[in-house]
Amino acid sequence: MSTQFQGVIPPVITPRHTDGRIDTTSLKNVTQHLLDGGVTGLFVLGSSGEVPYMTNEERELVVTTVADANAGAVPLIVGANEQTTNRVIEEAKKVIDLGADAIVVTSMYYAIGNVQETDTHFRSIHAAVDKPIFAYDVPVRTHFKLPADLLARLGRDGVITGVKDSSGDDVSFRQLLLAAKDIPDFDIFTGHEVVVDGALLGGAQGVVPGLGNVDPAGYRRLYDAAQAGDWTTAAAEQDRLADLFEIVYTPKGRVSGGAAGLGAFKTALQLMGVIESNTMSAPMPSLNPEETEAIRAILKRNGLV
Amino acid sequence: MSTQFQGVIPPVITPRHTDGRIDTTSLKNVTQHLLDGGVTGLFVLGSSGEVPYMTNEERELVVTTVADANAGAVPLIVGANEQTTNRVIEEAKKVIDLGADAIVVTSMYYAIGNVQETDTHFRSIHAAVDKPIFAYDVPVRTHFKLPADLLARLGRDGVITGVKDSSGDDVSFRQLLLAAKDIPDFDIFTGHEVVVDGALLGGAQGVVPGLGNVDPAGYRRLYDAAQAGDWTTAAAEQDRLADLFEIVYTPKGRVSGGAAGLGAFKTALQLMGVIESNTMSAPMPSLNPEETEAIRAILKRNGLV
Amino acid sequence: MSTQFQGVIPPVITPRHTDGRIDTTSLKNVTQHLLDGGVTGLFVLGSSGEVPYMTNEERELVVTTVADANAGAVPLIVGANEQTTNRVIEEAKKVIDLGADAIVVTSMYYAIGNVQETDTHFRSIHAAVDKPIFAYDVPVRTHFKLPADLLARLGRDGVITGVKDSSGDDVSFRQLLLAAKDIPDFDIFTGHEVVVDGALLGGAQGVVPGLGNVDPAGYRRLYDAAQAGDWTTAAAEQDRLADLFEIVYTPKGRVSGGAAGLGAFKTALQLMGVIESNTMSAPMPSLNPEETEAIRAILKRNGLV
Amino acid sequence: MSTQFQGVIPPVITPRHTDGRIDTTSLKNVTQHLLDGGVTGLFVLGSSGEVPYMTNEERELVVTTVADANAGAVPLIVGANEQTTNRVIEEAKKVIDLGADAIVVTSMYYAIGNVQETDTHFRSIHAAVDKPIFAYDVPVRTHFKLPADLLARLGRDGVITGVKDSSGDDVSFRQLLLAAKDIPDFDIFTGHEVVVDGALLGGAQGVVPGLGNVDPAGYRRLYDAAQAGDWTTAAAEQDRLADLFEIVYTPKGRVSGGAAGLGAFKTALQLMGVIESNTMSAPMPSLNPEETEAIRAILKRNGLV
């Protein structure tokens, strides 16, 4: 149990048909591609899964589809993405009914809270649901940084079972790792694709890499090298993945930051034959042929096409 | 028709019982209090109405209750508050079915968009619903400032019928007023309680003041003075209302900014006998007795208790 | 004495020859242009004067040149622009020796302070110099918003004699006007070119408009109309000036925000024959011929060329 | 030559007597303490040296004092801290005359620039001075993030010889390391005290740790372990130093962030008998006895008193 949520747990992207409908066949293919790559868990309805753009019906379809394709192979972690406490609780109950082994919860957004309200937020959700909760620290979206001492306190009190950190604040991340060192079965993941070796060296339990959709095996090799104490190999693998990550910069400002990153992952998977189309959720535009070719070149030099 | 959405349109607060349930009796009282004060419209499910904190069921109850109490007296504008395009469309259809005469829509949030996606966002919603749309510019919540030229373009193309500006950017607000001057039936409201005289002097069509819950008649007097060209009276009334607005600062950092402002409005209405309790939506704490007494003193010196 | 610092006090731009040297002849012309336009004071070494870009020698030359050209006609307010307390004090003593009637001081920058340190900052400077001090609130440059209650307290204690507000926070500005209402001889200026009518309606004592370099007479008419209580005329003049302000947007992102605004003022003055060249301080590029033509068109429709 | 600027190069703190004057005896003691600890260079007039708070005369005294105490033992890197290009050039010439082996330059501040102006800024300074230039990326002070591709381009063109990164953006840092991999004699330092092991694993050439004033030997051990490929030891030493870094949080909000961090370093050195007083530059308050005791406890558990 204590190692249930460790290792490489990519946030699964959500393929769509060119007409915008969820493409469940491609979604199953992605799931299989990830399992084949050696991932140790699946994170569904995350930002990389375009969860903010899905209707409630679509969210249900996505969780069900991945749960089916996974068939219990690895733990299924699902985002309960809503603005505030009571809305999160309703969402959490839904995704748990659909098969989530754990849920992922952010601080409130659109709402303007503070530390005390955020503490109450997580405790109320914990009291209302019976699955482990990961706190997701993503201030670029929520505009609220989860303080390391709040996270450690919530962990120590059994309110949360771990943290997915996409805060971009590596100082605070290291301090969280130190503060949480003695909390049993507390798992801290970095969400930043290009600094995983350092995060693992500092004691992180795993990584939730959007880029892991494209190269799950690379992240697994990096994780295994780190576990084996072979940091030179880990750093070399990380450098290779950091080069691969250049795919997200190919749109060079033509589309929003959201559409650029997720669009690049989808375009890469399309080029690799895993999914049918690189269509984005409305209102995001898809990457164009020129950007697609730039991505193909980066995949090629990294041996992925 | 061209003057349907002008004047004083407060964002209606949402009273709760001490156990957290929506207090429909108090909500009807607030509605009547506003109509008695001479408001020219009602804005339901706004930030001041704590919309981010309500479940879907609660949102429905609130719209229905206010629609009943209003009984067609003034236009009913309702927030369709969701993260992204397709989710907004679903929400908009719901509130239109419940009686909304117009809807209020923000740019996307949690999602990270740009100008082009925001343009598509509003156009897609306009294509999907058959009621007027107000763009709500509230970057402190969405973290995206709606550019004045985008708003003017959407207005000119008939996509939006007006703007509620809570951007805190008075330079951009004035430029929007100028840019939209020749758009027929385009209504621009300021959401900032203490600068309404200047906004009206610059050509704004009205105000959506959270503080208008407490003193609707004061805002109506301010608006009427401005309409009559009596700017000295308008400024004096504005100064009085700016003093009344001090109620939102009574918590002095004890609670979040959200809980402080909305808590102050509720506490004032409780002291004035309009609502039963100043209970806030979870996870926000309610204002305490000390803060309540500070608010009472401010109400007193402004002749409201 | 009590009205010494009121009305229209433009931040004087600093012309340069094409080789980058300060153009003192053009600087004298600008000064005369401003006096002819009816300004009630001159603000030298402000942001619009490109003070951050000048060497110490250049700063001295500019103050001396404007002081000579002004010859005591109107009060001379001079920026003492430095990072921290003791550096400001040294700079303040220099500019006072050169003829400043009052100095303008920001909160610290590059340094990371807080309210208490900022309070000490202003009090220490006041104790060390014997001329009136204006606090300059410009968070877009200092990244610290001067709180209204701090400013009112410093005013009440005689530490500062007024405020130049370029905060972009009109709510806080109105609250400052109210909080400072009973402080004798305390003068509050807005630095925002397009909302002067509303600021004066709210009780401001004047305006420090960068655009006033281009059209000082327009701002004087606006101020006079407001003083006469003729708010309709004031608002109409403001609308005209807001249209003129469009010159600052002509570069459309080609240059930095700093170079765009100041470059537009210089280019306009060059087109109007007041200065010789629109050369900017290094490393800012000057506006190009295409941008110059766009500015000429705006000047033309406003009757300035 | 190629390894001249590598390893552990602390930003030397600046001791003051209780009356505020620079304490040159203590400053010599700090220098000796650092050399004894095995540092490979000294960085004078950095943020940790309180450079923004010093008068020009004080800056000169500090450089001279450290240069004397160092007596050529290790390279002397000196901050040329000014707002804009021409002011930096004047400052750079001064500190080079005083003995700087290299200078450290930030992007412009208070001034509002962009990438193109920043490029010109560094190239103009390089053209005007004949010592190596380190770009100092410190957006928390300058409010401008130096883009990794700009830094790599400036390095490739021989404009800068390296980077001190205090950006807090570890993703961009790793991308800079990769982009600069093939630039000969280009040295990249992290300024973040608690993530040095990861930075070195990623390929950084060294560290500029404020905390290195307190425990230079600890950082040297960490660096040596990393050089030897003994990452387990490096990470353990880093964890110990991260615990020691807790001294900067002892003021718990009582003073500004600047005063807290620098005050903690000074207080620690005072407790360790290296400097006479923990007096801060005006207007910063010094840490109080209670905070001093909290720091003593942290030093004790880390074996430093």
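Here the chain labels run A, B, C and D in written order, and each chain numbers its own residues starting at 1.
Following the convention adopted for this analysis, a residue touches a chain if its C-beta (ideal position, glycine included) is under 8 Å from a C-beta of that chain, and two chains touch if they have at least 3 such contacts.
The structure presented is a predicted model; accordingly, all values stated were derived computationally and were not measured.
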Worksheet, complete the sentence: Under the touch definition above, the chains in contact with both subunit A and subunit B are none
Worksheet item: Computing the C-alpha centre of each chain, which chain sits at the greatest distance from subunit B?
Response: D
Fill in: Centroid distance [mean C-alpha coordinates] between subunit C and subunit A, Å
49
Worksheet item: Rounded to the nearest whole Å, what is the centre-to-centre distance of subunit B and subunit C, using the mean of the C-alpha atoms as each centre?
Response: 35
Item to complete: Could you tell me which residues belong to subunit B and also touch two or more other chains?
Response: none
Practice prompt. Could you tell me which shape the graph of touching chains takes: line, ring, star, complete or other?
Written response: ring
Item to complete: Please list, in label order, each pair of chains that touches.
Response: A-B, A-D, B-C, C-D
Discussion item. Show me the residue ranges of subunit A that touch subunit B in the complex, using the header's touch definition.
Written reply: 52-56, 81, 83-87, 90, 108-114, 116-118, 120-121, 124, 140-143, 255-259, 281-285
Worksheet entry | Partner subunit C, residues of subunit B touching it in the complex | 168-171, 174-175, 178, 192-195, 197-199, 201-203, 229, 231-232, 234-235, 238-239, 242-243
